[in-house]
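Have a look at this one before I ask anything.
Think of it as A, B, C and D in the order they're written, each chain with its own count starting at 1.
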């Protein structure tokens, strides 16, 4: 076969949501998973039909933040796979429901295969905002999505105000530019707004910051607590800015 | 070819050092790079011939911690490639000297190829302790090393006391056990000793903790400052414990 | 197991994308790991072919037996999905890479093995097309 | 560029590991991306073959031209290392994957391409061995 047939179906599935955000960062531990999960929560409580897709196959953790046991996450089938409804407006897909959270180690080729399978079978129709969490680094999954789904995904770069993280973001931004991404959304995590000037200098769309809030540890695993946490107002601002910039 | 000829040469090269430590963690941002660089620094100032090898190809950062410009890092050739001498006792290899720190994105197969090339050509003879920094996750590089060099490398798992990090470490430890690693060294980073009981429960060799020290940010990029930093005494304790456990 | 519909749609989009409009026979090779329900797949294909205005005559679905190979010790083995527990089989049906959560090399126990063949759709061929 | 010695050692260790002790001819296929100095490699091979007590007669080093293929647009192209700047060529000599830091698909600019062949040592064959 010349091309992977799943690519075409993936494009079709991802054309439904108004916005598909790809949360990336070449550095780990900057808060990609926390930010994508919180953004999805905020989007859903703001009354929008929302999707959350966890593509970190080796280290899936969105279900831990949401406090979901892999055994309760079940998908219905209807011309594909329907994501699991976590809340009224929140639809969710993670592989832990298939792996039962058993540890797996995937080489690049397998990760790429798993990615296209999931993008081809999981349907996001009726979803307005879709947030995709990705593994750290820039590997097979990122290259696949960023090239093949260029007209669909909006990259959100998450960074913390540390020297190592910024150096790593420089590299990622260079790569995204080369790939043809003009609009790169930016979130400062565990910071205080210091990175606004960095973002402006790099021509990134600064959408806000989330301070370092040590109490977040206690909210992990409980949607209720997350929704009451101090983080939420910051995430709401970012959410609104993201929508503002991507109204198109 | 049935097997990769570079594997055999890699084994030969890595049989020289008394200890080859592989710093791993399925989660990013826990301090793998910081810890491996500091351990190498401590080992060298303690008077031992030491190697530091950066295998995080997509996001190499040991040179940033050491404050080295990619252009000054040069390797001599002598029946292979001799690592760059950073200090009297500190020998260093990173790909940034070849890539000039230009951003690269590697798929799994390419990362695996780069890995074997480097392990086959870079010679670590006369080095006593070799510290290897790795990318986050468990990808091609980890699988390659952990299986092929099983009799040589000693894995050091780095973790922070956060729920997401521990869940991720559980998975990694399961995998290391399945691979046949009986002795798994453990370092608690950005913690206060709380993970000692976790480590004991998981039958990991707890070698110490490094507290969260926000001033570390100012020491990054200067060996001098790093050597004077508050972190150092903690790293020294860990260094000694590592040596104690791996005297064999 | 009606997620076969999604696979059928991928196949039809692929054929369409190749610029093929009609042909005598459509041959699809699927991997046995996915335990695809042939009748469902064929039914979905017929519906979608019609919907997309294609004319493809016969449909033949060929199943390829899975072959796995250990990257650690080189051992090769086959795996019969019908021997799996219901849950595992279903997981692998949806996502063949789930196999890494449940299987190991039978010789050396390695988690590092590859699916050489029999994973998913590996061939879509329209015979005598124009 | 005497890191050829390390490659020669890998080759000799490989032959030894295969249980081969003598043969009429050793054929090694190298990738042109590595711009291997054939004379140096041959010299190192002769030394090491002797050191390891092997008898391999002639040595033939065949260079394979690099072929690159874009994963984004499918374009295939060749690359002549002698056209590279000295620095880049040297980086690629040591580590062929350095190519990703300096080259892009000439058609679409993609960073996502693969080295189809001509990367490094791709064949080691001892003819008429026992």
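What we mean here is this: contacts are C-beta pairs under 8 Å (C-beta built on N, C-alpha and C of every residue); 3 or more make two chains touch, one makes a residue touch a chain.
Worth saying up front: this structure is predicted, and the values here are computed from it rather than measured.
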B-D compared against B-C, more contacting pairs: B-D
Farthest chain relative to subunit C (centres taken as mean CA coordinates): B
Whole-Å gap between the CA centroids of subunit C and subunit D: 37
Rounded Å distance between subunit B and subunit D, as computed from the means of their C-alpha atoms: 28
Approximate Å spacing (C-alpha centroids) for the pair subunit B, subunit C: 41
Shared interface positions of subunit B, touching two or more other chains: 2, 103, 105-107, 109, 111, 143, 175
Touching two or more other chains - residue numbers and ranges from subunit C: 111-112
In the complex with subunit C, residue positions of subunit B that touch it: 2, 143, 147, 175, 178-179
Subunit A-facing residues of subunit C, complex: 1-3, 5-7, 9-11, 13-14, 17-18, 91-92, 94-98, 100-102, 111-112, 114-115, 119-124
Complex contacts: residues of subunit D adjacent to subunit A: 71-72, 74, 104, 109-112
Subunit A-touching residues of subunit B, taken from the complex the two chains share: 26-30, 33, 58-59, 61, 64-65, 103, 105-109, 111-112, 135-140, 142-143, 162-164, 167-168, 170-172, 174-175, 217, 220-221
Subunit D contact footprint on subunit B (complex, rising order): 1-3, 5-6, 8-9, 12, 57, 75, 77-81, 95, 97-100, 102-107, 109-111, 113-114, 117-118, 120-121, 123
